[in-house]
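You will see chain A twice below: alongside chain B first, and alongside chain C after that.
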Partner chain A sequence: MHHFVVDHWSQSDSPLHRRDARAKLFVLVATLLAVATAPAQFQWTGVGLAAPILAGFLIARIPLGAALLRGLVVLPFTATFALISYVGGDVERAAALLWKSYLSGLAVLLAVSTTPFPHFLRAAEWWGTPSFLVTVIQFVYRYLFVISEQVQHMRMAAACRGSGGRGWLFQRDHVAAAAGAVSVLFSRSMARAEGIHRAMIARGFRGHILTLDSPRFGWLDVVFAVAAAGGLIALRIVLGRVS
Partner chain B sequence: MHPLIEVRNLRYSYDDGSAALNGVDFELFAGETVAILGPNGAGKTTFVLQIAGLLTGGGEVRVCGLPVTGANLAEIRRRVGIVFQDPDEQLFMPTVLDDVAFGLLNLGLDRQTARQSAMRSLEQVGMAGAAHKAPYHLSSGEKRRVAIAGVLAMNPEILILDEPTTHLDPPGRSALLRLLLDLPQAKLVVTHEAGFAAASARRAVFFERGKIVASGTVPQILAQFAWGEPGAVQRQP
Partner chain C sequence: MHIPDGFLSAPVWLSLDLAALPAVAYVARRAQSEAPENQIPLLGAMGAFVFAAQMINFPVGAGTSGHLLGSALLALVLGPAAACVVMTAILMIQALVFQDGGVLALGANTFNMSLAGVAAGYLPWRLWGAAQWRKFAVFAGGMLSVLVGAALAFTELWFSGVPMPRPLLVLSGGLFLLAGAIEGGITLAVFQAVERMNRSWVRDPRTFPLIPQAAVTAAAAILAMVGVLAASAAPDILESFSRAIGLGGKERALVATPFGGYEAEFIRSSWLSKATAGLAGLVAVVLCVWAWGRFLARRRNA
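Entry: the complex of A and B
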């Protein structure tokens, strides 16, 4: 059974993986702020801000090509707004929307690829994210695996009965079948999710997932957080002046 | 001797009004293993879920003398360990060790004690070597063992196993059987497998249409309902 690649990456080991999740989350927020407030010109600011993010992937020993491809997942969401800006004649803003969202996506991907997701959520809670929201995200994350597995099972079952190739569900003749498959997917996933929730309750779950590890915010984490976040903000200021 | 589980006139209906349980009476005593047999849809799983307080219907259920009601649910879930049919539903933490410790942390144990208890449970089921693996990297038999470890870690007095041999190959079934025979807890084993029922339990009850229609020794029940392995069916010439 295939599982999310990012989850697999997060279980690896590297200097970046070993840093405390709270420090990484702090640096991530600094990165997102630097990218969001950077001038629109890609030539200096885009390349300048992309460099530390790409360096992060190399340090974390995450396959760069695969990461760059996965970062594209954010583009469909911003492409609409970029298109509106482009049609409105503001080409520079359209381009900035695309590269800024892409770099932001890469930064988030780097953070979650170097941090097991439960640690990441605990760090978010430590930084003040409401516990209820963290619990909801935990469930969404767990159920993503459930839905992913169900999709794989259904694809296999469909392939065994002669459904052909990629994009089968989107072929015109198969729209009705696709709609049926989606409804089956949701009802199966729902049943599976109920089973998981029941198993959690059976072992005393009371709305908050507790884990064994007690992360320590060591001096290396402090150095990393201050140096990385400070460096990014300094870079952003310098790039702002150059542009 | 008081029964560990005492069920009186247990009833349960699904949302669509169809009856899943229709007046079940049952007792389980300390040290006893009872096989729960019956066709699909007879109400076996619904029955065990009510014992663990995971479903609520009519009638009365007492576990270790405690009525299964909201105020007692936390204590009842500590005393009743349930191993679900699909171990993938039971293993939801990032590592095997985290998963086994899940219930212990919910009981309020500190991390160090929970870690030690979880490791002991993994050793008990022969899975200590997989403590730091992700659960989805395990085989079906290994997942089943880890699921049992997660339940055993909570030191329950009663162990409920719902179709424990599903997806297990013959060596996996034998290993599971050896493990169960070594455990001191009273056990309810929901199973379709006649051989596994005969090897793991002395007493059996047979469910049909939401009721226990027969109770007796496992060989008696298997014979009464012709509940044999497929190998017993003769090929037509």
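Entry: the complex of A and C
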């Protein structure tokens, strides 16, 4: 699955991986701001802002081709509106919708590919995200793949029993069967939540997830945050004047 | 409908981010106070359940299938505040891990699908969930959660200058109506199946009396602010008539007010000035009605 690749990338080692998650989150927001507020012309601004993001993938030693392909997930939504703009004669807006959303997606991918997700969430909490929300996100993320695997087993079992496909006529029985499958999944999720809670109490859970390592915000992180964010904003201003 | 970064104009995403931040902080605090400690893993498991349940296809005829979106179902099972927190958690994971929806646009997506989507999904249940209209309430909740989220997303895109030709709006409107009906049907089917397994898993609709009031208040505030902008600049019947008989331009205001001409004099920006005037008008009407109600209630009790 998609997450395994990104999780795998985030466990690697590089100068970018070693930076504190809070600094990376700060630089990510600066990058997104630079892209969002940039003029529409791709010729200067698009290429100019793509360069540091692509350089980030190279520094982080993340396979560039695979990353560029993963960034394309934004296109189904974007391409629809870009096509409408293109048909309406606004070619510049069509291009801007495509490159801005693609670059923004790549910037987020670079950030999460160089930071383990729990560290990323802890950084978000440090920047003001409610801790209760962060705890819920951690639980959702932790159990997302466990419960998804449960669904895969259920789908396989249903297929082995000759479960109906996509018929041309609306069949109430098929809908009832699918609803039953979802309700079984629901009950299993409830049961799993109870089991998880008992296990967590046994491990000392008091309403907040604790981690063994405490992140340090060193002077290298400060330099990285200031230089990268400042550099991107400066680049955005220069490119804005050039184009 | 997850809006990616690069679509919304800066004023739109910034104002929605600023609006969503305190709203999410409020619902998180409320959900935390309502949910005992042992509910936290439940919220996580329910979030994961919604993700996973989207992999189960419901055949809807014509060779196609749909899947559960889940915000209305979460609201019925967890209550609106906890459902908002779980939906926000799902949106954050989708934006950060799966690049589905933007990070700067997270405020807009949270507002559309989590805050407004859950409120719209819960409102029919709150109003009719305890009566004989129970099934309709569940269906309408599922349908409304999709329609409200989509309508808000299209409005934000339109405000950001994304072209919205009429054929696209008509086609999208039809598709979203269909998607809403499918979501309503799936939510009802799953709700009935869950209720058959264990009745206690479904929440009593009378638990949260403030939610519909808050939703109606928010809708009224948005209508008051946006409605003034969308109102026609052409003269109304009385103004046209007064012009026709030669009285146009001779009217004189007896009292100068800060919101004359539906514009706040102290704000320079045209749209902000009109929106503020609309909101001020709404507040004035609410205060008048509230004061009149208090007066009548006292007279009746005297």
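Here is the rule we go by: the second predicted complex is superposed on the first by the 174 of 243 C-alpha atoms of A that agree within 3 Å, B and C clash if a C-alpha of one lies under 4 Å from a C-alpha of the other, contacts with A are read in each partner's own complex, and residues count from 1 in each chain.
Following the convention adopted for this analysis, a contact is a pair of C-beta atoms (placed from the backbone, for glycine too) under 8 Å apart; a residue touches a chain by one contact, two chains touch by 3 or more.
A quick note: this is a predicted structure, and the numbers were derived from the prediction, not measured.
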item	value
Touched partner set for A:Thr45, first chain B, second chain C, both or neither	neither
Partner chain in contact with A:Met200 - chain B first, chain C second, else both or neither	both
Chain B versus chain C as contact partner of A:Ser214, first or second or both or neither	first
Which superposed partner A:Gln11 touches (first chain B, second chain C, both, neither)	first
Contacts of A:Arg142 with chain B and chain C, given as first, second, both or neither	both
First (chain B), second (chain C), both or neither touched by A:Val112	second
Of chain B and chain C, the chain that contacts the larger number of chain A residues	C
Chain C-contacting residues of chain A that also contact chain B	3, 117, 142, 192, 196, 200, 206
Contact set on chain A toward chain C in their complex	2-3, 6, 28-29, 32-33, 35-37, 70-71, 73-74, 77-78, 81, 84-85, 88, 90, 93, 96-97, 99-105, 108-109, 112, 117, 120, 124, 128, 130, 132-133, 135-144, 146-148, 150-152, 154-155, 164-171, 174-176, 178-183, 185-187, 189-190, 192-194, 196-197, 200, 206-207
In the complex, chain A residues that touch chain B	1, 3, 11, 116-118, 142, 145, 149, 192, 195-196, 198-206, 209-214
Chain A partner contacts - residues on chain B that touch it in the complex	49, 52, 54, 74, 77-78, 81-82, 84, 86, 88-90, 92-94, 97-98, 101-103, 105-107, 111, 114-115, 118, 134, 136, 150-151, 154
List of chain C residues in touch with chain A within their complex	1-7, 10, 13, 21, 24-25, 28-29, 31-32, 37-38, 40-49, 51-53, 55-65, 68, 85-86, 88-90, 92-93, 95-100, 102-104, 157, 161-163, 165, 168, 185-186, 189-190, 192-194, 196-198, 201
